[in-house]
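Order of writing sets the chain letters: A, B, C, D, E and F. Residues in each chain are counted from 1.
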Amino acid sequence: MTRTLNQPLGGNTMPRFGGPNTMMRLPMADSAAGLDACFLGIPMDIGTSNRSGTRLGPRQIRDESRMIRPYNMATGAAPFEALQVADIGDVPINTFDLKKSVDIITTHYDEVLSHGVIPLTLGGDHTLTWPILRAIRKRHGPVALIHVDAHSDTNEDMFGETVAHGCPFRRAWEDGCLINDKVFQIGLRGSGYSREEFDWGRRQGWTCIQAEECWHKSLTPLMQEIRAKIGDAPVYLSYDIDSLDPAFAPGTGTVEVGGLTTMQGLEIIRGCAGLNLVGGDLVEVSPPYDPAGNTAVIAANFLFEMLCALPGVPRGR
Amino acid sequence: MTRTLNQPLGGNTMPRFGGPNTMMRLPMADSAAGLDACFLGIPMDIGTSNRSGTRLGPRQIRDESRMIRPYNMATGAAPFEALQVADIGDVPINTFDLKKSVDIITTHYDEVLSHGVIPLTLGGDHTLTWPILRAIRKRHGPVALIHVDAHSDTNEDMFGETVAHGCPFRRAWEDGCLINDKVFQIGLRGSGYSREEFDWGRRQGWTCIQAEECWHKSLTPLMQEIRAKIGDAPVYLSYDIDSLDPAFAPGTGTVEVGGLTTMQGLEIIRGCAGLNLVGGDLVEVSPPYDPAGNTAVIAANFLFEMLCALPGVPRGR
Amino acid sequence: MTRTLNQPLGGNTMPRFGGPNTMMRLPMADSAAGLDACFLGIPMDIGTSNRSGTRLGPRQIRDESRMIRPYNMATGAAPFEALQVADIGDVPINTFDLKKSVDIITTHYDEVLSHGVIPLTLGGDHTLTWPILRAIRKRHGPVALIHVDAHSDTNEDMFGETVAHGCPFRRAWEDGCLINDKVFQIGLRGSGYSREEFDWGRRQGWTCIQAEECWHKSLTPLMQEIRAKIGDAPVYLSYDIDSLDPAFAPGTGTVEVGGLTTMQGLEIIRGCAGLNLVGGDLVEVSPPYDPAGNTAVIAANFLFEMLCALPGVPRGR
Amino acid sequence: MTRTLNQPLGGNTMPRFGGPNTMMRLPMADSAAGLDACFLGIPMDIGTSNRSGTRLGPRQIRDESRMIRPYNMATGAAPFEALQVADIGDVPINTFDLKKSVDIITTHYDEVLSHGVIPLTLGGDHTLTWPILRAIRKRHGPVALIHVDAHSDTNEDMFGETVAHGCPFRRAWEDGCLINDKVFQIGLRGSGYSREEFDWGRRQGWTCIQAEECWHKSLTPLMQEIRAKIGDAPVYLSYDIDSLDPAFAPGTGTVEVGGLTTMQGLEIIRGCAGLNLVGGDLVEVSPPYDPAGNTAVIAANFLFEMLCALPGVPRGR
Amino acid sequence: MTRTLNQPLGGNTMPRFGGPNTMMRLPMADSAAGLDACFLGIPMDIGTSNRSGTRLGPRQIRDESRMIRPYNMATGAAPFEALQVADIGDVPINTFDLKKSVDIITTHYDEVLSHGVIPLTLGGDHTLTWPILRAIRKRHGPVALIHVDAHSDTNEDMFGETVAHGCPFRRAWEDGCLINDKVFQIGLRGSGYSREEFDWGRRQGWTCIQAEECWHKSLTPLMQEIRAKIGDAPVYLSYDIDSLDPAFAPGTGTVEVGGLTTMQGLEIIRGCAGLNLVGGDLVEVSPPYDPAGNTAVIAANFLFEMLCALPGVPRGR
Amino acid sequence: MTRTLNQPLGGNTMPRFGGPNTMMRLPMADSAAGLDACFLGIPMDIGTSNRSGTRLGPRQIRDESRMIRPYNMATGAAPFEALQVADIGDVPINTFDLKKSVDIITTHYDEVLSHGVIPLTLGGDHTLTWPILRAIRKRHGPVALIHVDAHSDTNEDMFGETVAHGCPFRRAWEDGCLINDKVFQIGLRGSGYSREEFDWGRRQGWTCIQAEECWHKSLTPLMQEIRAKIGDAPVYLSYDIDSLDPAFAPGTGTVEVGGLTTMQGLEIIRGCAGLNLVGGDLVEVSPPYDPAGNTAVIAANFLFEMLCALPGVPRGR
């Protein structure tokens, strides 16, 4: 007995600029039942501390995903030949109350994860990773983490609040979501209040790689090391678009100069193939600061690359 | 026996910036079967003669329709209390061949109209009105026309071609789609090659109202006259967003200064209530020239106002 | 004994594009002590329901106020010849918690109002008017209200929340801040969930003037009527920039088409001269949707016009 | 013996988005010899006091003039049936020295005017009108002036300098370029240092019409009065795009809210037909603040309308 | 007997922001007669499959070429000391019919090439390279090809059409325009329908270098290899701006992330010096997606670099 | 006896998008008295030769500096633990006369430098470095120079003028401001009138490093060499943002492709630590060409990095 796998709507069936505004023009599904992986959005920006606008991230990422075709020319991955994938829409957050939204998200992911699906999330500000990781922990136990970001996002609080886009990994650590010696932060940089901002994680046993260590070179060797250290533990990949230098990804809210290149971002995500990925997110795309729409194009491609890196995806190359 | 009527997804169920990217966040339908009215898109710009970009019109109009709620505060119209409405997606035009696209459109509308539905079209460049009118004629016979536009679009040809966005009403006239003494063109202006451009229509018995006749006043009295002249004939409403002055609708391709105001546009469409509308379109929105997205907001609202003006819509006010 | 009155930094002393980024390049003051009127900002957008970005409103309004000179050429008002005015900076809201921010604002205005000053507020989303009115009531008792807006902002709740930018006037009414027969809402329009949205206020005795009643004419006669009805009661003026048609004010988040013109907005504010104004605000400017900066230019000018309309301002003309 | 008149390159010969970037895609001429009227540019912004960018005005006005066809549908004017017209390029100002540029401009116009041509100038900041009027005076003696602008531009000096974009008409007056009882300023408004700013001109006998006097009505009757007062005196028309409200013309540097509409601007220029126009300019278009390019579209059309209003142009309507 | 060589208009003669809008402010010529090399535009976007807008590419490239001075500081090339160069304007394509446009282009280049000139083309979408290569083949026989692009553009068809911007090199191959073992594709990447997309060319003997092979290094060694393989065969250089990563060239329509850098693009074109170049093009610049104009700046410079790399250009360094 | 050092306003005291628009939200000071270092702006663009707009540079740099926190995570520098720093506002240039402005600047810096402070200047066009260096020479004698730029800015004149943004280092050289064997120009590239443009400096003994020498590698080794050559001579650092490739810094006026990366820029400035820096500037940021504001973000960060590199700043790392 075979099942029919969803396919992205092709450009020879409907022009790329037409058709549904779902991720990669995939079918929309009402729930995650029957899926191997799913795309879903969290339209939120009330956790941001500088420029806002990430509430429109999921809409624009879907819009700019319209040109992505099903086969990965670089890696040979053909995810739609093996996985059942759909877009399951957005999480109905409460945009007037961040703390309530955090609980809405966990509840929503509890349900999504109950179907055994791998969720790939279109953000939304980075606050959302904490409630996702809470749900992930219930399903998978503590996980390894690959966190690509300009910021460590491990603040004890911001303006006295413990729920904010600068705090999710501190909260996730408190909640026992992470395997400390398998946490990797890549791309950290910028200014801060003290060196403690990056050292806190190091004290927990995390590997914190500052952007300066990444400049002018390929990150493929780094990913080989990371894969070796993680082994077969379940892994969550949280990709903050502001890890990229603003030349590459202008459309974000808390810009730090001197970041990663898109090429390095691709090396990181492609370097996750072979790991036991159980979920991923792409956060902090802010369309009002993305005049040509290309930050969303990167985000859409990075989410596709995450899909290509999932367990079970065949590689034709 | 009652049927359940589709409702736009409400802002208290899902934040306005989330949810599906359909027109007014209505359900998507695979066909027009069972519908009273439908929204559908024609993502086309290969018929344009100056700036392009209207191929992305349907996508952006849907996006910016997300804030429209179901009740019309000005007219009291409540279309979703009486009509079954859905978004039935886009027409798969052939973006490399304008002439083939024209035939694709007619064939598509033949099918849509076979369900007895009233189609409201999201354009796309104005070439599309001709193939729609061909299908309309097959279903309804010749129709009255209310055509709001900066241009008469009655060129014999452009660059030697008879299919282009400056020619649809000449073609529709040739094909016997129009009731000549019930054709009204509103908003004509700008420069041309000769006075013939507006006078050709007048010689066919059309009423051609130049923008200058509309300045500084309400168009409600004009619409009263038009309704009286049309009576109960079937009517098609073709609304070119460039009828508006570019102050109001910057996002279009063949800009003419000194146009109508949005308020006058609303008066025109609201003034169609009571007519036997059999179809309508909103064309020539070009998102690349609409930096704040507000031209698409107007377009979305005008399409909603067309829905509100359809026969059978109750008015609570 | 005379006091020296603050003056805006002149263009012959420092080029308009240089100098401090305060409102009208006025001196910054640490508190409202000794002032007759003050400008202050509330950088908030977490109460918005569609597009965000109003958190940057106060910064951009100040920036674009740089060209305003001290004398009003239309009305002859010369506010800096009689009033001591300064910019007293921003209210430090908690951007991660809307409900806490509302209390921060009231507390802040309690202190400001204790100095007997008239506060003119640079918003910020419209949620902020409720906490200001709470403070105003403590100082002045219930007030007359002139509320210029596309929306009535009298929702019982939004997404179940009673604190949001669609609810401030319902909350202010509950708190007894308003003199019901002296409340005037001007510019209401658009779509809604039911006619109740505008009728609720009417049932409380408010005068709700829909935008359609304003089209194509001067609002000077209307303001004459309003002044007569208000008499010498204390008045608060709350001006939502989305009252203006988006052609005039594209830079806002919950756009409704068919609105007021800037000219009408000027007539409204100038028409407040002679009233006993005790405060005013200009809200909902969202810089990311204002590509040329001109929405902020309007906002800055409207705030200057409010200053010109205050009691005690001499008129040279 | 007949001469062949230049014609704009037609859209059926070359697509509107191709072809030369001259004004209206007219032929370029090396000098004004043999012409009846000419377009020429002055790429200057070093006389501006707030936002700059007008140096690129002539380039963008030419670019956006590409859609203008030879016949005026509103007035019936057909300028290319009677006048020899060309684009004669730009004046090579010295962009590092405003005072030298002013002399370069006068010298350049001395030469241009020596051919008996009517120059229509694409600006550039308003400083340029003074040196043009100096050359005009040599050729025609003092002239009547129709000056459409938000500002009177009659400052004695700015920052101590007598050459700046706020001073040209004071300088022209000093130089005896103007017939004082035939000077009309239309659209004045905004804030100033004192009422003197508009009254100075009035004391010289000028007619200064503030924008508020123009709101909500047609300016056609005003132009009838002006034509009557001017009679057959030579007239210069100086049109500052900032006379228009920024809703209509966002792309300018010293924005004043509450201005004229484009429709009123058209009424003013069309109302000049019948006068003895000896020159005209369109100034202060600043492309960096004109994201959709439509301010330049207005400017191009207004220059075309000036051409249509020149003596000797036949009217077919 | 000597001839006078055309020179770009210098910045000390006319400010950079003034003067003609020709390529590098060179003289415009009516035909290619007497020229060694020429610039010409093909304003076309009806062959594009995602975002349109390339129809305005030639206009914007010319505009942004205004700052290029005649001497190449990096390579020492001084093309205007040896070659007669002019801008010969645009090809009058039929914007309503792609297939007819293709024939118009070939006919136009037949005439241009009859003068023995080397054409450097400003695109326009990539469809145009096929008709150019057809004309090139008639003049020079099959040619070597250096094709820099994100896409192989060797589709058998798109939406059933054989003429589209994804097909030109398949068509050129069918027409015998190419020397198969001297075809080099550089920069290929992204997603596709199958690995066949890049392998088809390889099976014809082409060298297809994916972007990933280029990351993090100089391409100067690659060009040395390519020059060795091509020898003295005639070479055509087709440069698609989307070969560059969108960080460098945002202004294009079919964006693929992870591309070449501008520095690598310069290395490629400079690495063509010494080859027997017989023509070149720069395609797919889409101004509406290029908010700062810098994609056009790159395009203009790359075209200048092509000119510098032509046979016969002296090198002073 | 200790003094209290100024601190930037923290994000936990006032949201990043609120608070004063000073550099890094530092206190504003009326003069440089008592300061160790200061930020000050020169809002000037009348020395530019292509696109203007740098007059708004200081305003936008300050605005986008709002997110910079006090500690440098890469270098461990903590400047506010040792230096008294403030923002001392703008220099009141005469925007209508470049030559007078140059003298205003020197006079202003004479006063600033009299307090023994190190000035870090927010530009403004590059003309400003000459008058600053004149003041620096009076205080410190001739200085070493690290000049990062796409252009050598050593023109004898431009359009016959010796004061322009292409000439400051020729003028400074004439005035004896520079130690010739300690002058380093980094990032030179583009097109010119002859090779003389870069060779003139070399003939004076300057080290002129073209951008091509910098591609694809770290500049840390270069800075080590430069530090060795400069030794303990006083050094001035002049950083033109157009040294960066336009992918990184789109918001500037005289764009040259193929430039430095932001990472290299950081390496250069950080590589100045240990030198005897006596002043620095960051010039040529043009906000109208910086749609997302990120060029200003870079500029703000580079100025912070200059502060971090000053003598006496402690390093915690």
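The working rule: a residue touches a chain if its C-beta (ideal position, glycine included) is under 8 Å from a C-beta of that chain, and two chains touch if they have at least 3 such contacts.
For clarity, every value in this text was computed on a predicted model and none was experimentally measured.
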- Message: Just to be sure I understand the contacts, which chains border both chain D and chain A?
- Response: B, C, E, F
- Message: Under the document's definition of touching, what chains do chain A and chain B have as common neighbours?
- Response: C, E
- Task: Looking only at C-beta pairs in contact, point me to the busier pair out of B-E and B-C.
- Result: B-C
- Query: What angle of turn lays chain E on top of chain F when you fit their CA atoms, given in steps of 5 degrees?
  - Reply: 120
- Item | For chain B paired with chain F, centre-to-centre distance based on mean C-alpha positions, whole Å | 55
- Message: On a C-alpha centroid basis, what's the spacing between chain A and chain F, in Å?
- Response: 37
- Message: Averaging over Cα atoms per chain, report the distance between chain A and chain C in Å.
- Response: 40
- Task: Find every residue in chain A that makes contact with two or more other chains and list them.
- Result: 15, 17, 49, 51, 55-56, 95, 158-160, 216, 245, 247, 289, 291
- Message: Output every touching chain pair, sorted by label.
- Response: A-B, A-C, A-E, A-F, B-C, B-D, B-E, C-D, C-F, D-E, D-F, E-F
- Item | For the chain D and chain E complex, residues of the former touching the latter | 13-15, 17-21, 28, 41, 43, 55-56, 58-59, 62-63, 89-93, 95
- For the chain B and chain D complex, residues of the former touching the latter: 49-51, 158-160, 188-195, 197-198, 210, 212, 215-216, 245-247, 250-251, 254-255, 257-258, 289-291
- Note on the structure: In their shared complex, chain E is touched by residues of chain B numbered 45-49, 51-53, 55-56, 94-99, 158-161, 163-164, 288-289
- Message: List the residues on chain A that touch chain E in their complex, please.
- Response: 10-12, 15-17, 66-74, 76, 216-218, 245, 247-248, 261-263, 266, 291-294, 297-298, 301, 304, 316-317
